[in-house]
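Paired with chain B in one complex and with chain C in the other, chain A is shared by the two complexes that follow.
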Partner chain A sequence: MNKAYLGIDIGSISTKGVVIDENNNVLASSYLWTSGNPIAAVKNVLNEISQKLDKKYTVVNAGTTGSARKLIGVALNARVVKNEITAHAVGTLAVVPDVKTILEIGGQDSKIILINNGVVIDYAMNTLCAAGTGSFLSSQAKRLDLELEDFAELALTSENPAKIAARCTVFAESDLVHKAQIGHSKADIVAGLCRAIVLNYLNNVGKGKNIKAPVVFQGGVSKNAAVIKEFEKELKLPVYVDPNGHLMGALGVAVLCKAEKEETTFDFSITDTDFVTKGVECTNCPNNCEIICVYKNEVLLDAWGNKCEKGTRIA
Partner chain B sequence: MKIGIPRALQYYFYEDLWLNFFKNIDVETIVSPATNKEIVKNGVNNSIDEACFSSKIFIGHVEYLLDKCDMIFVPRIENSAIREEYCTRIFGLCDLVKNTFQGVKLLQAEVNYLYRKKESFAFIEIGAALGKSKEESLEAYKNALSTAESIKEIKILQQEELLNSDGAKVLIFSHAYNTYDACIGKEITDFFAANNIKVAYADLINEKEAQALTKESYGKRVYWKVSAQLIGGIEKYRSQVDGIILISTFPCGPDSIFNELLIRLIKDKPILSLIIDEQDASAGIQTRLESFTDIIMAKRQSGGEL
Partner chain C sequence: MAIAEKVACAPQIGDYHIIADILLQRCLNYKTMRCPPMTKRTLELGARHSPDMICTPFKTTLGNFIEAAEQGANVFVMPGVGCRLGFYDILQKQILDDLGYDCEMITLFEYIPTVKRLYASLSSINPDLTQEEFDSVFEIVVKVTVDMDNLADFMRRNIAFEVNKGDFEQCYQAYLQEVKSAQDVTEAESIGEKYKEKMESIITNKPGKPVKIGIIGEIYVVVEPFSNCNMEKWLAEHGVEIIRSGSLTQMAVAIFTVDEQVQNSGGYVDYNIGSTANDAIAQAYQMIQDGIDGIIHVKPASCSPEITAMTILQNISQDSNVPFMYMTFDTETSEAGVHTRLEAFHDMIVMKRRSENE
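So, the complex of A and B:
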């Protein structure tokens, strides 16, 4: 039997799945939109993976990360449920062992992870404000009537990027409209926007952090060549983007699964199982905790979200 | 006569002194319960947007007490010595409460060493308002003060014991009214307890020692009383912990300076800065706490070689 390990990263926008062998080689992977339904997305990812995966491999452990890690972790009976920062660091280290800095800009959040000797020593995430993340770029692309795919290409043609306020997306947006109205070309504006994303990131998330090479850039926005170019210009360091950059979180949990001592064979037939989640508001005290109950084939699997013992009765 | 005491802001600095004083002069008190979502909601609804989250919670606690007591105890405490100021939000509380809840009956007193209004005078003033003689109040104050001081001493000793024990430890740097509030710091300290990480508190330190340590390490006396005390706490305990957590409520003036300063100055320990407001976003906090735990655990395993 050849052992394999499954990692699933359920993000706000996309769901990623990876199966690796004992040497961290990617055997199968899948990348799909979450579309607001993490359980359905995970089922689709698992179906795709089970079709791609060579039958000589047996998945002996599964792990989850991303914002729906707990929910999916319970549903799949995952051995490892890990936060996205550690997962991304571990995944990236498997591909670029000497990495010192990981820049990540996703759909909803952005983070920076500093690594020394293969261990995370510091990190930062964007605060309440989602300024400068992927969703901002996509909404601005829509406003300018551009496909996100053409965005970078157009930006790269600009020789004189327009200066766009980078502190806050609300200001950036009004600045953008202003620049268009006074006659800047679309290419210059788009290039300015890519530059604004980079400056915003370095001013907010990267503030005060000592960014050292090798630098790896990942997350959805790392697919944008113009943003990569601006990062290199600003940091004066080469920025590496791995073609599998979007899978790093999933890869990270798969690697963590490998380190687990115990093993449970993962059964892909779980995709036929019916999972239902229900949010219940506990009314036993004024905290009104929102309790999430997960049912597997109509049997309660787990429930969480209650601050105190009173909530356990509700589930 | 029943005196209502909001379980928020100053209460966390003076809990033992106040409760023992009222007990000593034989006056019944009611302390509002631990902060819950309803208190937060009422506080937010009755406050201006610009107020800090902690002071919004205070207003929520006052609202809770309105129909449950005869008077609400909201003293004006500006400082505890010359050049040891509390935040303006704290000494403006009584005006804030009076203007928010028209006709509310307050039990008031003022402490301001700049104008020679000593703490003991304030307690005589409170006693007088409740029909107690000067001697009675003074005696009650002195006894309450020594009880409060010995309770704190015991807590400090217990903390030193905890810091000398084995296992991972974190130090919480936050105003006491945030650290111990059920809707602010408690979720964070509960997280560490559930993960077998011991929690120490920067505010558990002798005040004089804290001032001296702060002055020594930063070359300057810190004007804000609470911040000065907390920085002293960090100086005293930081070598014994694996990481430091800064918890701040949005928007806090003193914290906006000192949290930034600490992040820049402390390079030998991992620091996590958390800013809490009324937007309930515990998922984000959870992710940050989990990854911070991973960092301190990795550092311990590598023998602190990072």
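So, the complex of A and C:
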């Protein structure tokens, strides 16, 4: 039997799955939109992976990361449920062992991870504010009537990026409208936005951090060549984007699964199982805790979200 | 027209309602009540009636007052000293008036943080309060504050390792329950000693070198678990020894020791940079000297003293190679994001330790 390990990264925008062998080689992977339904997305990812995976491999452990890691972790009975920061660091180290800085801009959040000799020594993640994340770029693309895919290409044609206030999404948007109305070209505005996102990131998440090469950039926004260019210009360092950059989180949990002592064979037939989730608001005190109940084939599997004992009865 | 009975209430700040109870019940000729425990509703009420950009403690304490007013409180108590905190009372009184609550606001210090000032404020409301009576109450207040802070410090350093879950919390709550009716400082002291012994005899299985994480920052968010999404609880559940800077005792000391703080900041601060920023820096520097693994700096959104401190803390972090994590709290109640960051911070320290041992 050849052992394999499954990692699933369920983000707000996309769901990623990867299966690796004992030498961290990617055997199969899948990358699909979450579309607001993490359970359905995971089922699709698993279907795709099970078709791609050579039958001589047996998945002996599964792990989850990303914002729906807990929900999916319970549903799949995952052995590892890990936060996305640790997962990304572990995954990236498996691919670029000498990495010193990881820049990550995802759909809803952005983070920076500093690494020395293969060990995470510092990290930061945006709090409160979602400026400088992927959803900002995609909403502005919509406003300018552009496909996100064409965004970078157009930005790269600009020789004179418009200056756009980067501190806050709301201000950036008014600034953008203003620049458009006074006559800046679309290319310059789009280039300005790519620059704004980089400056915002470096000022907020990267503030006070000592960014050293090799720098790896990942997350959805790393697919944008214009943003990469702006990062290189600002940091005066080469910025590396791995073609599998979007899989790093999933890869990271898969690697963590490998380190587990115990094993549970993962059964892909779980995609035929019926999972239902229900959000209930506890009414026993004004905290109104949101309790999430997960049912597998109509049997309650787990429930969480209550801050005190009063809520346990509800589930 | 009948005059409504006066019912005084202080906002919720961690477990310090004990202190408020002792001080107000014994120094005022008013009835006192505790504000209802903080919930999401408190936060929503407070935020709805506050200026949006104001610091978070303003919103939560206003929420406390509104909920207390609904249950009959009509006299509210605020310190009236410090950073913007010094002006909370004036604005909150205005907002409560506008909402139609006929209420009174007691400002304990009015910008001058001295015992004399405290007596003046209280005796202006209760003219029967003699200096001697006040002194004896104040003595108890000081003793209980110091004792409860010491007990809680000890608890935070050991709670992660208790063998019977709940021992520490139970012991601490029993102390608070018993000490609040202490009649004089001698009694308060002996209760304190009794519980110190009790707490020290709780069985733990603390490893030789546990992961040590420090917490520093703005006192309200540090002290009030509802406002920091129960950070300490998460850390304790994950086997961390917590060293917290931030208590009423420490704040009281800090007010009068700014020069020492500047001196004890390892040369990172040359002069008084205002409010609690000096203390945050001095405390962080000290924690690093004592061998901390990582420090979490917490603040409410838009807290200017702590924002000042952060820039200097970043230098300290780089020079010492001790990771800092900065957390800003506002009116969000989801713990998920906080737990994600705590877990990553903890993972990082554990992995770093492991590689150092190899």
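Everything below uses one rule, namely that the second predicted complex is superposed on the first by the 314 of 315 C-alpha atoms of A that agree within 3 Å, B and C clash if a C-alpha of one lies under 4 Å from a C-alpha of the other, contacts with A are read in each partner's own complex, and residues count from 1 in each chain.
By definition in this document, a contact is a pair of C-beta atoms (placed from the backbone, for glycine too) under 8 Å apart; a residue touches a chain by one contact, two chains touch by 3 or more.
All values derive from a computational prediction rather than experimental measurement.
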| item | value |
| --- | --- |
| Clash-or-fit label for the pair chain B, chain C on chain A | clash |
| First (chain B), second (chain C), both or neither touched by A:Ala259 | neither |
| Partner chain in contact with A:Asn210 - chain B first, chain C second, else both or neither | second |
| Contacts of A:Val177 with chain B and chain C, given as first, second, both or neither | neither |
| First, second, both or neither for A:Val120, with chain B first and chain C second | both |
| Touching partner for A:Ile85 - first (chain B), second (chain C), both, neither | both |
| Partner chain in contact with A:Asn288 - chain B first, chain C second, else both or neither | both |
| Contact residues of chain A, present in both the chain B and the chain C interface | 67, 82-86, 117, 119-123, 125, 127-128, 208, 285-288 |
| Contacting residues of chain C [partner chain A, same complex] | 39-42, 301, 311, 314-315, 317-318, 321, 323-328, 330, 332, 336-337, 340-341, 343-345, 347-348, 351-352, 355 |
| Complex contacts: residues of chain A adjacent to chain C | 67, 82-86, 89, 117-125, 127-128, 207-208, 210, 285-288 |
| In the complex with chain A, residue positions of chain B that touch it | 36-39, 187, 263-264, 270, 275, 277, 279, 281, 283-284, 286-288, 290-291, 294-295, 298-299, 302, 305-306 |
| Parts of chain A lying in touch with chain B, wherever the complex brings them together | 67, 82-86, 116-117, 119-123, 125, 127-128, 208, 285-288, 307 |
